[in-house]
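Have a look at the structure below, then the notes.
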Amino acid sequence: MSDEPEVTDEKEQTLFAAPPIAEQERMVEAILFASAEPVTIREMEERMPHGCDPAEALVHLRKRYEGRGVRVVKVGEAWAVRTAPDLAFLMQKETVEERKLSRAAIETLAIIAYHQPVTRAEIEEIRGVAVSRGTIDQLLEMEWIRFGRRRMTPGRPVTFVVTQGFLDHFSLESARDLPGLKELRAAGLLDSRPLPGASSDEDDEDEAQTGQSELFED
Amino acid sequence: MSDEPEVTDEKEQTLFAAPPIAEQERMVEAILFASAEPVTIREMEERMPHGCDPAEALVHLRKRYEGRGVRVVKVGEAWAVRTAPDLAFLMQKETVEERKLSRAAIETLAIIAYHQPVTRAEIEEIRGVAVSRGTIDQLLEMEWIRFGRRRMTPGRPVTFVVTQGFLDHFSLESARDLPGLKELRAAGLLDSRPLPGASSDEDDEDEAQTGQSELFED
Amino acid sequence: MAEPENLFQTQSVADRLQAEALIVDVDGFEGPLDLLLTLSRTQKVDLRKISVLQLAEQYLAFVERAKALRIELAADYLVMAAWLAFLKSRLLLPPDPEAEGPSAEDMAAHLAFQLERLQAMRESAAQLMARDRLGRDTFVRGVSEEVARVRKITYTASLMELMQAYARIRTRDEFRPYAFDRTNVFTMEEALDRMRGLIGFAGDWSELTTFLPDGWASDPKRRRSATAATFAASLEMAKQGQIEIRQSDTFQPISIRKKT
């Protein structure tokens, strides 16, 4: 284009000189951002204009991201941008799903509420079936039941009692406010009448009541 | 947060105070870097601690990335980090071969973008030719257009509008930023003038006008 | 761009190709408006100053050519041709003050508007496609992190459910599953089997009660069941024409005998 040597010199210099380091830093930034895999210095060099020094640009870039929400990290021989570890919690979204308590769990809970403090063996006796470990764990985790005092009987079994959280959930002042069987029946909450001749549940009732009053005397 | 700040005691303030804005900026940075898709303010809010103001943090963050290798861009109602367009030459490796769009598809897309919400009949009237089912399907499949509200005219025809994906693809903050939109509107070229004498679709007309002005007015 | 008259008689290969491309478009999907827009470019004026009359003539000439060359034109091209012919005649004739409907000028203006609008959309489409495009000019994050969905399950139960559960347990013993008592039931099938075996021996009238099985006559419950079953069986056999039944009066003993 121009024959004048001094102009050529200048032109050549601009043509072949590497971009300023700030510009190189931008390039490295864009490359690291868009790459699915960590990028080696060599790979950066291949992609950047002739004469670039990605290693030096990286030093600047790394500094720039110090303390930021993302960081420039070395992965083996390559480089990548990663979320700052202290912000990992942002990468999850909590969704709350409400489910009905299983029949086993609600029955176990009911027995504990009516008979507390009650041992696992006693729960099983009342329910007539074994109580799975998972059911108890679930209720403990929900913080609706907790461990009570150990029973002073052979084996010193642990007992379960209901918690304040349980009372709050069911809007009860205390477990004593739970209606007895007779009241449940009077309120039509029992679908059944006792069979004629079947042993009356009066005793049951009494027992439950006794159990309860015992429990709540402290 | 509180309506009566003077009543709120110090303890409560520390307990419920949002993180400092610099910290919020880091969080927004991490969230945007981690996502290929634009993220709405609302989504950020859901993931950030209570009381955060991602919109304000974004103002700072956007400024911070001005002139960098990556930029914080607004895409409709959402935000994303994208590489600076002048560095595209570094990204040959990342370029995805794009399905070639037919001339009919490109024109149809432009008509939907500039005239939205627009019915199929209106597109056909502008192009002077039937729009093939495949063209609309292709644009829907690319998630560049979606169905808008039905037009409240006889037959209740469906309308088409462009999507956030469209804005993202063409680096548009909103449909208002379409190139030449203002000039086209000033020249009356976005009106859907009926053929003189063909009065049957007067109602259509009015609605279409309202739709557009609604959409593009600020 | 070739003059429309020349579209079908050009000599150069390039022109011929161009003409063919236009014909393909005519056959294809671009439509009469696209053809008009293409023809309008020969006027080398702003679309706003276009001569619609001239354009109509160009279009009609094109359609004539196509017909002469036996090119099948789609219906909408012919509709447009008819409309343009009408428009042309209206533009050439002095306006009829009695005429209803839009004036020729309005119609011509509308056509010019349509062409201008289509042209504007073409240009906008080109501008749009020339913008910075994601995946070509700008790029998304290479390693996107999925937002882990932490699903937290909370369980719930109502006080009613709690009380009902308790009541269910405590009253469980009051119930036992219902089982049909079969030990004291003599079925009709059994009675039929028995009767079929016995009837051969009863040539004369015999009382139904004599057919009751052994051990079913004493206990009232068993007798009722056996009597009912035997009676039902005898009705069935009578229906089949195997026996006859007789009863002298209400509540009198029922007798049966083999039908001869």
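Order as written gives the chain letters A, B and C; numbering starts at 1 within each chain.
The rule is short, and it goes like this: a residue touches a chain if its C-beta (ideal position, glycine included) is under 8 Å from a C-beta of that chain, and two chains touch if they have at least 3 such contacts.
Quick caveat: nothing in here was measured; it's all calculated off a predicted structure.
Visitor: Using CA atom means as chain centres, which chain is nearest the centre of all the protein shown?
Guide: Closest to the centre of all protein C-alpha atoms: chain B.
Visitor: Going by average Cα coordinates, which chain is farthest removed from chain A?
Guide: It is C.
Visitor: Averaged over CA atoms, how far is the centre of chain A from the centre of chain B? Could you give it in whole Å?
Guide: Computed from C-alpha means, the inter-chain centre distance equals 34 Å.
Visitor: Quick one: report the Å distance separating chain A from chain C, using the average Cα coordinate of each chain.
Guide: 43
Visitor: Please work out the Cα centroid separation of chain B and chain C, and write it as a whole number of Å.
Guide: From the centre of chain B to the centre of chain C is 33 Å.
Visitor: Check each residue of chain B and list the ones that touch at least two other chains.
Guide: 33-34, 47, 81, 83-84, 91, 94, in rising order.
Visitor: Could you say which residues in chain C touch two or more other chains, in rising order?
Guide: Correct list: 139-142, 145, 147.
Visitor: What part of chain B is in contact with chain C in the complex they form?
Guide: For chain B paired with chain C, touching residues are 33-37, 47, 80-85, 88, 91, 94-96, 98, 103-104, 106-107, 109-111, 113-114, 126-130, 132, 168-172, 178-180, 184, 187-189, 193, 195-197.
Visitor: Quick check on the complex: what are the chain C residues that touch chain B?
Guide: For this pair, the touching residues of chain C are 29-34, 36, 76, 101-103, 106-107, 109-110, 113-114, 116-118, 120-125, 127-129, 131-142, 144-145, 147.
Visitor: Quick check: in the complex, which residue numbers of chain B touch chain A?
Guide: Per the stated touch rule, the residues are 25-31, 33-34, 46-48, 67-70, 81, 83-84, 87, 90-94.
Visitor: Considering the complex alone, what residue numbers of chain C touch chain A?
Guide: 139-143, 145-175
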